[in-house]
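Here the structure comes first, spelled out in structure tokens, and everything after it is commentary.
Going in written order, the chains are labelled A, B, C and D, and every chain counts its residues from 1.
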Amino acid sequence: MAKRELTSAELTLLKRAAREVRHGMVVNLGIGLPQFLPEHLPADTDVTFHSENGFVGMGEGNPEGTPDSDVIDAGGRACRVVPGAAFFDSLTSFAIVRGGNLDLAVLGAFEVSVSGDLANWKIPGKLTPGMGGGMELAQKANHVLVISHHLDKRGRGKLVPQCSLPLTAPACVGTLITERAVFRRVDGRMQLASVHPDFDRESALEGIDADVPSAENLEPWEDKS
Amino acid sequence: MAKRELTSAELTLLKRAAREVRHGMVVNLGIGLPQFLPEHLPADTDVTFHSENGFVGMGEGNPEGTPDSDVIDAGGRACRVVPGAAFFDSLTSFAIVRGGNLDLAVLGAFEVSVSGDLANWKIPGKLTPGMGGGMELAQKANHVLVISHHLDKRGRGKLVPQCSLPLTAPACVGTLITERAVFRRVDGRMQLASVHPDFDRESALEGIDADVPSAENLEPWEDKS
Amino acid sequence: MLDRVTTVENAVAGYVRSGQTLMVGGFGRGGVPFTTLHLIANHADKYRDLTLIKNDANEPGIGIDLLLKQGQVKKLIATHIGLNPEFIRQMNDGEVECELIPQGIFAEKIRAGGAGIPAIMTDIGLGTEVAQGKATYELDGKTLLIEPCMRGDVALVCADIADKAGNAWWCGSNRNMCVVMGTACKRVIVEAKQIVETGRLKAEDIHLPSVFVDAVVPAGPLPHRGN
Amino acid sequence: MLDRVTTVENAVAGYVRSGQTLMVGGFGRGGVPFTTLHLIANHADKYRDLTLIKNDANEPGIGIDLLLKQGQVKKLIATHIGLNPEFIRQMNDGEVECELIPQGIFAEKIRAGGAGIPAIMTDIGLGTEVAQGKATYELDGKTLLIEPCMRGDVALVCADIADKAGNAWWCGSNRNMCVVMGTACKRVIVEAKQIVETGRLKAEDIHLPSVFVDAVVPAGPLPHRGN
């Protein structure tokens, strides 16, 4: 869907994230890493992709397209649609999101707090592109899955005690998946839910300057099959 | 458009009402007498009729139609559409009305008060069909034209000091046309604006138990042409 | 895309329960899910205490009148009931509760429910009995009525064409309240006069996208036409 | 139906004035009225102090960026400006005022303006800086933001097909904000890639009905494509 070489860490977290997507779901993919998710889904998983600029049934990227093509995704890239796709306007697009018909939003993040707050739209003075549809996706998708590298360039984990950046939405992240671990919000608090076989609990919490409890029973990383 | 024999009084008031319709207007016709208006318009008057159940560009009645036909008017009668008609849902239909895109609503009335209040939807204990789209048409059309017999069966005029019946909307009627006279709301008060040549001012105010001023210059009843 | 085609029996048994709020499409006869309503009326013991949200009360003997006259309905929320004198009598005698709402606001309250808008403000009905008892808000010096959104448990609508995934299209004036109701309920049953392969409807021309729809069922003959 | 076809010169000269609020369609490049914007940019002295309501700020060198860089715009109301780093600089330097609104609420505020709804209530943005300074209302124990409607003087949109009366249809993802903007302004100029005889568009499939439209003008070649 998107064009660039993925690192092995990215491949790892994308494969794990693909396991969160269930047959029949309506899914919105944020710009960036989430756009690589479709190629990691099992072939028999029927997922309907929502593009907030105005359609459901988004298919593959259109290599013959240009930014002037009649079908572009929310990031401005030409793409295709699958049979059964429907085009609509921005009203219907966000009615789907706010009305509870978007099963899953897969988003990137600058910070996720231990209470599930998400900051991914603004770095004051540095990055001020506007929230676009991000606040609604974060606040209203039935489940919000954040995928991200475990550590940022300065070695800090994405999971923080409290977001220092402006929030996209409070208490919205249901699941955070990195190349090392899966965290899930349970009773309003993120907890460690699964650890990649190459890591132990300690390294799954590396760079996280907060008290993160572990689930009573960790989920296996890989499918049993 | 509708099927029944019109009385000569009805023909008179319809012909006069047709003069209020201008080229290019978007017009909604209430159920009953207003539905006979189109056949009295000059052939070169391009008017777009709005049907609040979901289209603009309503044409003639469809004699081959039934109540199960795919195109019915708001009264449930099969009708045709003209080239350039557009079908939409109830939301868009009333967005047109409330948003200021309906130039004229032609309605019937039980009572019109001297301040332009309209009562045409309910007679408590006797007639309780619900307001349908009537309140929005009365309140939000850019101009509300009421057409009506001058006197009711008990010899009372439609124009009353104060409505005794539940209001459809307050201070909404712009023009009232009967077979005897035209009344217009000026500075919040209905005044006599034109008198049919067969009547004098006194009979134009017959049955009206209220002080109705006359316009400084009465309009001619007929077109000059 | 999922294939959402099933039988009306399965769809109703799967989604409809006593005590629910049902939104029912239609204005006049167009858009009315006659087949689905007929089934619910044929199981009057099973589906009771319903709240119906429908533009009108249909005519006597068809559509929701079947449910009304059998006592399956505790409340009807509508805009106009003038074509059903029998229901007007029921309402005036207090047999069934009836709430009447101006038609465009009726549609907007449903849209708000579907679009995740908890309430809208409007001046429609100010100075009339419609405003009585309603909360108000002063905005820029003007008094406005607060109209909370409406949502339902199940939407029942009749489309002219649906594809197997549930994308739906309406002919002429049949669309009316059907699309907006299809956005505002937990479950949506689209009864379709014609069911086509997914992908056959032009993607730009779809009125109700499949993501809102749970079941597509074939419309049967119109009971009141005797065919 | 009236024939509303005219030239872009006539339409702009007839309806657009300095100091107005213009709603401009488009998300990315689809739906952007490049021809109309180009004309307005070519008369930078004539059309100034504009408030633009547009989803994004276009890319540098095309669309509304032409107006932004020439100082014709005093304020932009948008949802996302990430593709125009030059405008971000203008905004951060205080050269142009910019108000950012969550995308769906941006659309809803415009819809409310077009549909005669003075305000809506929403929970979108609660707990974020979007909520700062906004009026709130308690509904059923929940705090909601009050979002007043937005209206404009003139809407400029680009449709794929329009008929001579002004009925318009959009291809693919080009529709975006165009339809709703076309309902919310005093005047509406539809720039169309193709203009057909009135009656050629299927009445059920029209996205923006002609009653909202004041002028239909032919879209020229895309300036940024060099054709």
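By our rule, contacts are C-beta pairs under 8 Å (C-beta built on N, C-alpha and C of every residue); 3 or more make two chains touch, one makes a residue touch a chain.
No experiment lies behind these values; they were computed from the predicted model shown.
Asks: Would you pick out the chains that touch subunit B and also touch subunit C?
Replies: D
Asks: What chain lies farthest away from subunit A once each centre is taken as the mean of the Cα atoms?
Replies: The most remote chain is B.
Asks: For subunit A versus subunit B, what separation do you get between their C-alpha means, in angstrom?
Replies: So the centroids are 56 Å from each other.
Asks: Can you check how far apart subunit A and subunit C are, centre to centre, with Cα atoms defining each centre and the answer in Å?
Replies: 35
Asks: Hey, how far is the Cα centre of subunit C from the one of subunit D, in Å?
Replies: 33
Asks: Provide the list of subunit C residues touching at least two other chains, using ranges where the numbers run on.
Replies: Subunit C, residues with two or more chain partners: 108, 111, 115-117, 123, 170-172, 175, 203-204, 207.
Asks: Can you pull out the residues of subunit A that are in contact with at least two other chains?
Replies: 55, 87-88, 91, 94-95, 97-98, 140, in rising order.
Asks: Please list each pair of chains that are touching.
Replies: Touching chain pairs, listed by label, are A-C, A-D, B-C, B-D, C-D.
Asks: State the interface residues of subunit D toward subunit C in the complex, per the touch definition above.
Replies: Interface residues on the subunit D side: 108, 112, 115-123, 137, 139-140, 142, 144, 146, 148, 169-172, 175, 202-205, 207.
Asks: Name, in rising order, each residue of subunit D that touches subunit A in their complex.
Replies: 27-30, 55-56, 59, 78-83, 88, 91-92, 100, 102-108, 111, 123-130, 160, 170-180, 207, 222, 225
Asks: So in the complex, the part of subunit A that touches subunit C is made up of which residues?
Replies: Subunit A residues touching subunit C: 24, 26, 46, 48, 50, 55-57, 81-88, 91-92, 94-101, 140.
Asks: Applying the document's contact rule, which stretches of subunit A touch subunit D when the two form their complex?
Replies: The touching residues are 51-55, 67-74, 76, 87-91, 93-95, 97-98, 125, 128-136, 139-140, 166-171.
Asks: Can you list the subunit D residues touching subunit B in their complex?
Replies: Where subunit D meets subunit B, its residues are 1-2, 111, 113-117, 163, 165, 167, 183-184, 198-199, 203-204, 206, 209-212.
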